[in-house]
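Two complexes are shown next, each including subunit A; its partner changes from subunit B in the first to subunit C in the second.
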Partner chain A sequence: MSTVLSVKNLRLYFTTRKGIVKAVDNVSFDLKKGETLAIVGESGCGKSSLAKALIRLLPRNVHTYSGEILIDGNDVMKLSDEMFRRLIRWRKISMVFQGAQNSLNPVLKVGFQVAEPLMIHNNVSKEDALAEAKKYLRLVGIHESFADRYPFELSGGMKQRAVIAMALITHPEIIILDEPTSALDVITQANIINLLKKIKNELGLSYIFITHDIAVTSELADRVAVMYAGEIVEISDADEFYYRPKHPYAEKLMASVPTLRTDKKLEFIPGAPPSLINPPQGCRFNPRCPYAFEKCLKESPPPYEIKSGNIVRCWLYHEGKR
Partner chain B sequence: MSEDRIVLKVENLRKWFTIRRGLFGATAQVKALDGVTFELGTGEAVSVVGESGSGKTTLGKTVLRLYEPTDGKLIFKGKDITHTPEKDLMWFKRETGLVQQDPYGAMPSFMNIYRILEEPLIIHKVGTKEERAEIVFKALEEVRLTPVEDFAFKYPHMLSGGQLQRVAIARALILRPSLVVADEPVSMLDASVRVEILTLMREMQEKRNISFIYITHDLSTTRYFSEWIFIMYAAQIIERAPTKTLLQNPLHPYTRALLSAIPDPDPENRKKFREVPPGEPPSLVNPPPGCRFAPRCPFASSKCRTEEPPEVEVEPKHFVKCWLYAGAKA
Partner chain C sequence: MNRSRVTGGIFKELLQYKSALVGLVLLMFLLIISTYAIFIYPGSKAVVYWRAGENMWIKNPKNALPEWWELFTPGKTLPRTIEINPNTKGYAMETLKTTNDGGYLINLSLSFNYEYDEEPSAINVFVNGTPGDNFALFWVYPDGRKIFLTNLTLTTESTNYYLSQDIALNTRLEMDLYKQIGKPEYSPTIEKILFGTLSREFKVQKGMFKLLVQGYVKDPKKTSFDLVVYGKVYGIAGTDHLRRPLEIAILYGTPIALAFGLTASVLISVIELVIGVISGYFGGALDTIIQRITEIYMIIPFLNIVILISVFYKLDLWTLLGIIIILSIFGSGIKSTRAMALQIKELPYVEAAKAYGASDWRIVFIYMIPKILPTLVPSIVLSVPGFVFLEAALSLLGLGDPLLPTWGKVLSDAESQGALYKGLYYWVLEPSFMLILTSISFTLIGFALDRIVNPRLKEM
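Moving on, here comes the complex of A and B:
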């Protein structure tokens, strides 16, 4: 499988009154064609900032934005904002935003909003774009008559579908899904996940699926990346990850996930994630890690390759303790 | 259950809200709670599970008499409090507590933690100033916000969501209530903190023998928390049973759909589609006649679309409101 996206040493820091927030710190990963990479982590770990860095939707207080983002082999970090907007955003990589139901404009008709990216990014005429929008609404399971309705006339699940149609209409190769179901009820969530599976197969898409909900990641993920305090601490194949997470943080996080079908004792991770302004020295998880030893307190562990594409950043592996 | 062990008895409880459609439009009734019956024993915890708009929050607020019921009966420790005026309910408020979803919204931001916890004691005229201080510090210790002197004089914005939810629990329990309603207490927290808060709540509930109503949309946490599960759909309880029974042998088609919609972390999930009913819950202004799930139910017959099913006890303590089971009994 070819690699559609390759991210190398991506950094996104913000300037705040309290200091520099290292929201995304030296993040690297690959995404293959047709693959879903899930990015999991707790709130404040930097996963939404990573999404914004990938699609270059940045706030004003950016301190550092560096690294490489290769899409089909070309480093798009070298493009100016204008060129990135014209060539990459929405045409190569689009996004379904968190709380998407509230991101629709309440005074514009649904069909127009779904059509808008085509008019803006692909210079398609309004008439053609609206016809295309109806096609995509049908694809996501909404009757085309809803194109002439306003967002308040749609249920939560339908609004989410409309937002997905909006992300698809420009034929991107990569779609970033940022908590696409977190505001939905479970049955609606299952329906949306079914839809995401279906269109991925039909259109040959690659997904970056960002969520805090580990159980839901298993619905889509071929590989899972775990973020902690701005860094990716583990990337594993799904078949491995859900049974044997490698990083101590991933292991503890998994132990805190309640299950419906099996009895297991739930655990929690004592303490709280560190500040992204002054992260702890050495491994950022060391203050909460039950296995931490001297080296963890001093030096930050580099990635350790378990097998191709699977890495863990933990001294236990470097030192042969696991 | 013998009568003296019953803390709360709810009979055919209804809460309807009046809304006006448009500026001069006609009024309509939103039937947020429409005929709910159950009883809750001393020290029992029940999880009320439902999707948004199913009426679970209205149920919680109505049993705490934060709303006055429209119809039905609400009996707390043998006393009928359905329509008791607010001014005569002080004793009841002292016996009950509430933990809300958003701890930041539920705490006055201008009060420090000490003052927040002292407030209910002052309102209910408990102890002297010194005695109250002792109670407040002890409460903080119980929810493990230690060292207590550090936390007592902080303000809500200085605490994390998890810490603040501990304060909310301490506040709900400080008057030693016999009934507590926790409305989505962990849904805004991260997974690892969730477990911590649920474990703490369960511990306090068991230690003090409190009757607990845990309102949640998340079925997978209920098995760790409660003896009972009530499933709500469109303003009614459509199935209720002991937790294990319900999870192992769900009967109502809606409960089954709900269970099958929830994934456990399993890499096999990505290879298949989930079988879930299409559509969404009905309007609570004009709910469908008959069974409210009938329009989405794969087993619905013509009877289901016209007649409301009764609640039947299919096996001991396992109640379900569905013609599939009522038919066999009739």
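Moving on, here comes the complex of A and C:
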């Protein structure tokens, strides 16, 4: 399988009054065609910033934005903002935003809203774009007649579907799903996940699935990347990851997932996620890590390749303690 | 999102407020008047009528009250204007005989029925004939009394005999009256003497009056008389000092006022909205520049500058409108729309739009402005009367459009002619009434809209 997206040493720092926030720090990963890469982590670990860095949707207070993002082998970091907007956004990468309820413009009809990217990017006439939008609404399971409704007339799940249709309409290769199911009830979540699976297989898409909900990820992910304090601490194949996470943080994360009606004590990770302005010395997880030893306090662990593509950043593996 | 975002929804909700309903009915009334005015005075006809000069309206009474003024004088019918000419009833001419030199002797009688309770305001006789024609005019009362009025000799083909202004006649009639009944209890004007009974108290003699003319003419076919007995009331709006029917200005002023007020209010609000959103959305230096310009604009004395410009350049209404708009576009509205824009530009759907590649202008015009627009509608509606009043105020100061008949113009005339001092209240009341009606209409609608669009006000 060919690699559609390759990210190397991506950094995104923000300037704030308190100092520089290293929201995305030295992140590298590959995404293959037809693959779903889940990016999991706690709130505030830089998942959404990573998504924004990928689609170059940067706020005003950017301090550093560097690294390489190769899409089909071309470094899109070299493109100007205007060229990026024209050639990459929604042509190559599109995005489903966190909180779909709010990502629809309340004053535009759903059909028009879904057709918007098409009208912007492909110079399609309004009628053709609306017809296409209806087609995609059908694809995501919304009846055509809803094209003439306003967003407030749709349920949460339908809005989410409409937003997905909006991300699909320009035939991108990669879709970033930023917490696509976080505000939905379990049944609707399941529906949406099944829909996403179906669409992926039909259209041959690659997903970057950003979520804090590891349970949901297990349905969809081919590979899982765990983010902690702006870094990716582990990338593993999904089967492997759910069977046996490698990084101590990932372990703890898995242990904190509730299971139904079994007598399991839910674990939590003591302490709070570190400040991204002043991350801890050495391994960023060391203050909360039960296995931490001296080296962890001093040096940041480099990536350790367990097998091809599976990486963990932990001294335990470097030192052969695991 | 609540229903009120949808225009149809707003309108339906509006109808539930009684005050808004009243406002809408008034607005409808004003719109009907406007349509009617445009229909009966197409093109520049109103201006032509209004600027026509004395001759066009010579057969109208001066400063006549509107006909409905009778409501305030119960039991009295106020005189209407009566005109007797060859085309009306009561006109009879007989050619008596031919004289040696080829002229004719004629006998003319112009008779009319007078049933009103007050004397007319004036009497004029318009004569056509050949130069050199001679006439003797007599007045015949319903009771048969006959008074000699005057002798007329034509020097041109037509002559106007302003009977009411004939001082010699006035003196003679007064003397005769004194001789017959002594000093009357009223001040004897020509009209009162010619229409009163022969008594010390003034009372109109009702019945058939006659103007008799005996004449020597060269060509009877060219001879015609036109007697106009001016009333004291005229039409639905009365007349002004130039005999013009005020209804022209009252009617035609309506579409002008509405167009002026609405255009100014809508354009200013929309331009302010666009500038405010641009300022808020783009931020940075552009924002700073726009905000500083706005602050400077806000301390410029608006009315003084408008007056200054109007004094220097006699402006027509639409240029004035343009100047008012230009002087207002950097108004306080920019501050509030900018504040809203700052909020909206952080909303997820704006960010989403940026993500899928919507250009900045697309975001400004399709995403932000339609979102803010509904909240502006009440203030747009509420500021309409302000601009209508502004136009009237400028006209009152003599700085309005020099040609168009407007409400402010009527007020200006009334003021310069001392209408209130002379007791010609209708002259001031009519345009004021229209102004107030416009104001009430928009205010009632605006307040109701405000409650709908800003639902928090509902609870107060």
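By our rule, the second predicted complex is superposed on the first by the 319 of 322 C-alpha atoms of A that agree within 3 Å, B and C clash if a C-alpha of one lies under 4 Å from a C-alpha of the other, contacts with A are read in each partner's own complex, and residues count from 1 in each chain.
Basically, a contact is a pair of C-beta atoms (placed from the backbone, for glycine too) under 8 Å apart; a residue touches a chain by one contact, two chains touch by 3 or more.
Not measured: the values here are computed from a predicted model.
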**Asked** With both structures lined up on subunit A, is it a clash or a fit for subunit B and subunit C?
**Response** fit
**Item:** Touched partner set for A:190, first subunit B, second subunit C, both or neither
**Value:** first
**Prompt:** According to the contact criterion defined above, which of subunit B and subunit C contacts more residues of subunit A?
**Reply:** B
**Message:** Contacts for A:166 in the overlay, against subunit B (first) and subunit C (second): which applies, first, second, both or neither?
**Reply:** second
**Prompt:** Once the shared chain is lined up, is A:57 touching subunit B (first), subunit C (second), both, or neither of them?
**Reply:** second
**Prompt:** Looking at the overlay, what does A:155 touch: subunit B (first), subunit C (second), both, or neither?
**Reply:** first
**Request:** Tell me which partner A:218 touches in the superposition: subunit B (first), subunit C (second), both or neither.
**Result:** first
**Asked** Thinking of the overlay built on chain A, is A:131 touched by subunit B (first), by subunit C (second), by both, or by neither?
**Response** neither
**Prompt:** After superposition on the shared chain, which partner residues are touched by A:117: those of subunit B (first), subunit C (second), both, or neither?
**Reply:** second
**Request:** Tell me which partner A:36 touches in the superposition: subunit B (first), subunit C (second), both or neither.
**Result:** first
**Request:** Report, please, how wide the angle is at the C-alpha centre of subunit A between subunit B and subunit C, in steps of 10 degrees.
**Result:** 80
**Message:** Using only CA atoms and the superposition described at the top, report the least gap between subunit B and subunit C in Å.
**Reply:** 5
**Request:** Touching subunit B in one complex and subunit C in the other: list those residues of subunit A.
**Result:** none
**Item:** Residue numbers on subunit C that touch subunit A, as the complex places them
**Value:** 1-2, 5-6, 283, 347-349, 351-359, 362, 366-367, 370-371
**Prompt:** Can you list the residues on subunit A that touch subunit C in the complex?
**Reply:** 55, 57, 60, 85-86, 89-90, 94-95, 97-99, 102-108, 116-117, 120-121, 150-152, 163, 166-167, 170
**Request:** Using the touch definition up top, name the residues of subunit B that touch subunit A in the complex.
**Result:** 51-52, 160, 162, 190-196, 198-199, 217-221, 223-224, 247, 257-267, 269-270, 273-274, 276-278, 280
**Item:** subunit A residues within the subunit B interface of the complex
**Value:** 36, 42-43, 155, 157, 185-191, 193-194, 197-198, 212-222, 238-239, 241-243, 252-254, 256-263, 266-269, 272
